[in-house]
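Below you'll find the structure I mean.
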Amino acid sequence: MAKKMLEVRQLTTKYITRQREDVYSVDHVSLDIEEGKSLGIAGESGCGKSTLALSLMGYYFPPLHYTSGDIIIDGKNISGLDPDVVRKTVLGSEIAYIPQAAMNALNPTRKIGRFIEDVIRAHELPMDKKQIREMAEQRFALLGLPVDVLDKYSVELSGGMRQRVVIAVSTILNPKVLIADEPSSALDVSSQKMVIKMMKDMMAQGLVKSMIFITHELPLLYNVTDDIMVMYAGQIVERGSAKEMVFDPIHPYSRGLMNSILVPEEGTRDVKLTAIPGTPPNLKHPPSGCRFAERCRYATAACRFNPAAIIDFDIGRQYRCNMSVEKLREVYESEERNS
Amino acid sequence: MKSTLRNILHSPRFMVGFVIFMTMVLTVLIYPYFVPRNPLLSLGKGFLPPGTYFSVYDANNAPTFRVELPEADTNRLQNDLPQSDRKLMLDFLKAKGVDTSGLSSGNDKIADLLEAWKANYDEADVKSSKYEGFTTQAKRRALAKLDKKLNDFLSNASMKVIRGEGEDLQEKNVSGTEYTRVDQLANSVSLPLGTDNFGRDTLTELVQATGVSLLIGLIAGTVATLLGLIVGLLAGYVGGLVDDILMFVANIFTVIPGFVLLILIYYSVGQEARGIITCAMVIGLTSWVWTARSVRSQVISLRNRDHVNLSKLSGHSLFRIVTTDILPYIASYVVMAFILQVSSGILAEAQLSLLGLGPKTTEVPTLGLMMNWAKLFGAYTSSNAWWAYFPVILVIALTSFSLNLMNTGLDQVFNPTLRE
Amino acid sequence: MTKGMKKYFKKKIIWFLITFVAALILNFILPRLMPGDPVNAIVGKSISSGAPPEQVQQQMEFYRRQFGLDKSLPGQFLDFIKNAFNGTFGVSYSQYPRKVSDIIGGGIWWTIALQLPAILVGWILGNVLGAVAAYKRGFWDKVLMPVSLFFSAIPAFGAAVILLVIFSVNLGIAPANGAYDPGMIPNFSWSFISSVIWHYQLPFWSIVLISIGGQAVGMRSMSIYELNADYVKYSRFLGIKDTKIVRYVFRNAMLPQVTGLAMSIGSMVGGALVAETIFSYPGLGMAMYSAITQSDYPVISATTLIITIMVLLASFMLDIIYAFIDPRVKAAQFD
């Protein structure tokens, strides 16, 4: 079995609002990624996937706070470490982050090269200015980025270039885990393609050992990641391989998500597009039963009171529902026959 | 629209500013009904400190009158003052060495005894001097108690005021606890903020000046905002040559400081023509530039939005496109700009007046003119008359504070990203 | 220099020249639009009321010639330009025959000595205060910000008057007016310099106080905007120290504040009007004030022209400097 790069056990984090209310937007999340693998996280906006990305970094600042759980990177548990130690030894070097709005992620008044210098210095690596410069140049060349970008300010770069620079800077210390939060959603199609290709190449070259890719664009996940995990209201509701998740979703919510998009593959031609009615619950006051019950077509009265637990039902597959897998399959099949 | 309004009303900053501002406006509107006096009426000479004043003429011209203790009170005193107290009084007077030959504890002499007591008893004196027979703490306390009793008695007694002689004799009983309100006296005047150098009631003057200054701010703000809006709309929406020319003018106005322009234009208008309205107009005419610039940039960003294009394709007139497709989108901004313009208009008037370039008027005061008078007549140096300038500064500060507060409140509502 | 930069500078220079000419014309025309004959006023002052009409006439002719008012308007304009460029600015009406340049020369150094340090100190203190308020939040933000909002609402003359009354009239710990002891003659002795410093206090602090409030409010909102910027979060997740990030933030928040600094240095003379008139400080503002009260047009024209040129220069320099120090502006302008 391959080495686990990232292992997360029952991670719970909360936001403290200005009214001093606790909002648990990541609720007992467990996941793991093996070396060389990538995991996609899908869900509607507001389901907690961006918060999960922030929480996985193990470095919290208000309004986000750590509550409980473990984050284990390559066998080393980083939760409970002193924040300054995390900053120096984990961030950027073990686990790296690509933000949602990468367009504005770079300090507009610092040249890219100088910024890379700041990053290296922050980790107290024994390198002088010249060595850092050489290293940055090599890396940019390797990733197919023009070297003169190092002497430019981010405002002088195009959107696509900025995004690629952000990816290059994030991975400059060869992190074991890369967390990318919608890295391509703000870009035009050709820049999107370049960014995706760049990330795939980095994985292939081993610059990045594993990757978590967060997006609401499911077709992208299917093409990029090995596994897909679906989140709803701060919890994981289903996990499986990309193929399984697209063609055989079990949880009614995942099924709703997959049905609301088109995957250009054989067999999807006949699938009808249906959106899920309603919106995710307000996590200030989460429902006491199954969190999806409000919007679930198959929910019984009991679902509103009994919280659903996450269950392994196949190798590498989990789901969170009060109904059995067989029952759900049966319901789906009868529905398809009737339509 | 409804929810925006609700958000505005829920913004604490806006509401605090709004309440302060409206309180001032209401005071300006209501005050004249309570004090109908002409604000520029001269009541005295020079700076009078705050207080209530009587007419000096009346005080000197008051008729003379006699005062008598009525018989009933003398009788009451005879009944209520026991012999033991009278004896104590006599003993004390003797101990102090007062000639008591004409005094006795008899009822007929009681008024004289009382008078002698009042003239000689002093608590501190008794304590320090230790007169014979009154050295102990208890004796002294008895004396103090007696004195208090007599005082109480006298303050509850009434006086007969007799005025005139013979046929015109007028009598009136007045009790020692009777008061009359100062403002019921003929010819008294209450001056909570004193008077200015011309002897004018500062408070009344200040209220009217606030009103006039608000009016100036309002006119200046309206002129500046309207001009800025029109120029901005034309430059932004029409674009091309119109834009170039208008922006050229606007740039000249920015580079040559508004204040300098104000002084120059103001001077060229000439002293005689410098009324309240002219003053306000000139201020408005020199401060439209930044409104115009901001409106222009907002209009440019709106110009190519889908709904505007749709309206254009539908063949709507320029006027209609501007009023229905552009104005509503910049309305919140224009309101905010207007508030700031009013505030800076009031300040501009004050500064101009302070330099002696204020409105030439003898009919109404403005906040700036009040400052200028205070300066010219040495209110803050030789006379040290804080009431003549400090309230004015406070009103100016409160006005701009409340307007700025309203503005930041609106800003937080209209631009939620600024809400931290 | 790139092509974009060249174009940018060329545009700026042309623009500078055009505005300069416009300012010159305005400064010439506006005072002349004023009704009434300025010579009347001077002759009225200098000649006793019982003088024979011929003498009055003669005097008026004399002054007209002296001031060049006998020439046509274009002729007067030429004189005006000539005087502006040779730096004399003509002759003062109220202090005839003193040259305007003498009056201005006497005042401008006092103004610069008073204003430049005061503006700088106010700017620095205000920015530090605003940055701290934005960064610390809590007490600083909740209490100090409304307070500085209120203080920034106090008009400049109000603050000056209050300082004057408290420290000079009531406490008597600072002199009320002038720039030095009136019994002294300016020289470089220690007693004169200490008298200057003594008189410097109040006007200096009145300017500082006013600029602190406005700068602090501006810097605070700029800093809050920057603190919420995406690059802050990103830099944190790259492991960069908070102290370093705070430096990024304040540098970025500070750059736009430079505009305020340059503009207040440029409009120094206009800003000096208030403080100088209240403390009777013998600077350019005071010269302008007395020129206004005495209808001395050449002096008014000259001072307003100086203000205009200073503002013009300040904004021109600002455009140039900005283009180098702030890449955000550079990117927006040079394309």
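Order of writing sets the labels: A, B and C. Residues in every chain begin at 1.
Rule of thumb we're sticking to: contacts are C-beta pairs under 8 Å (C-beta built on N, C-alpha and C of every residue); 3 or more make two chains touch, one makes a residue touch a chain.
Predicted model only: the values in this text are computed from it and were never measured.
Asks: By that same contact rule, can you tell me which chains touch chain A and chain C alike?
Replies: none
Asks: Can you tell me which chain lies farthest from chain B, using the average of the Cα atoms as each chain's centre?
Replies: In terms of C-alpha centroids, the chain at the greatest distance from chain B is A.
Asks: Going by CA means, which chain is nearest the middle of everything shown?
Replies: When every chain is reduced to its C-alpha mean, the one closest to the whole-protein mean is C.
Asks: With centres defined as the mean C-alpha position, give me the chain A-chain C separation in Å.
Replies: 56
Asks: What whole-number Å value describes the gap between the mean CA coordinates of chain A and chain B?
Replies: One centre to the other, that is 63 Å.
Asks: How many angstrom lie between the centres of chain B and chain C, each centre taken as the mean Cα position?
Replies: So the centre of chain B lies 33 Å away from the centre of chain C.
Asks: Name, in rising order, each residue of chain A that touches chain C in their complex.
Replies: 57, 59, 61, 87-88, 90-93, 96-97, 99, 101-110, 118-119, 122-123, 153, 155-156, 166, 169-170
Asks: If you look only at chain C, which of its residues touch chain B in the complex?
Replies: The touching residues are 15, 18-19, 22-23, 26-27, 30-36, 149-150, 152-158, 161-162, 164-165, 169-170, 176, 221, 224-225, 228, 267, 270, 273-274, 277-278, 289, 292-293, 300, 304, 307-308, 311-312, 315.
Asks: Considering the complex alone, what residue numbers of chain C touch chain A?
Replies: The touching residues are 229-231, 233-241, 244, 248, 251-252, 255, 326-328, 330-332.
Asks: Where on chain B does chain C make contact in their complex?
Replies: 248, 251-252, 254-257, 259-261, 263-265, 267-270, 272, 347, 350-351, 354-357, 371, 375, 380-381, 384, 386, 389-390, 393, 396-398, 400-401, 404-405, 408, 418, 420
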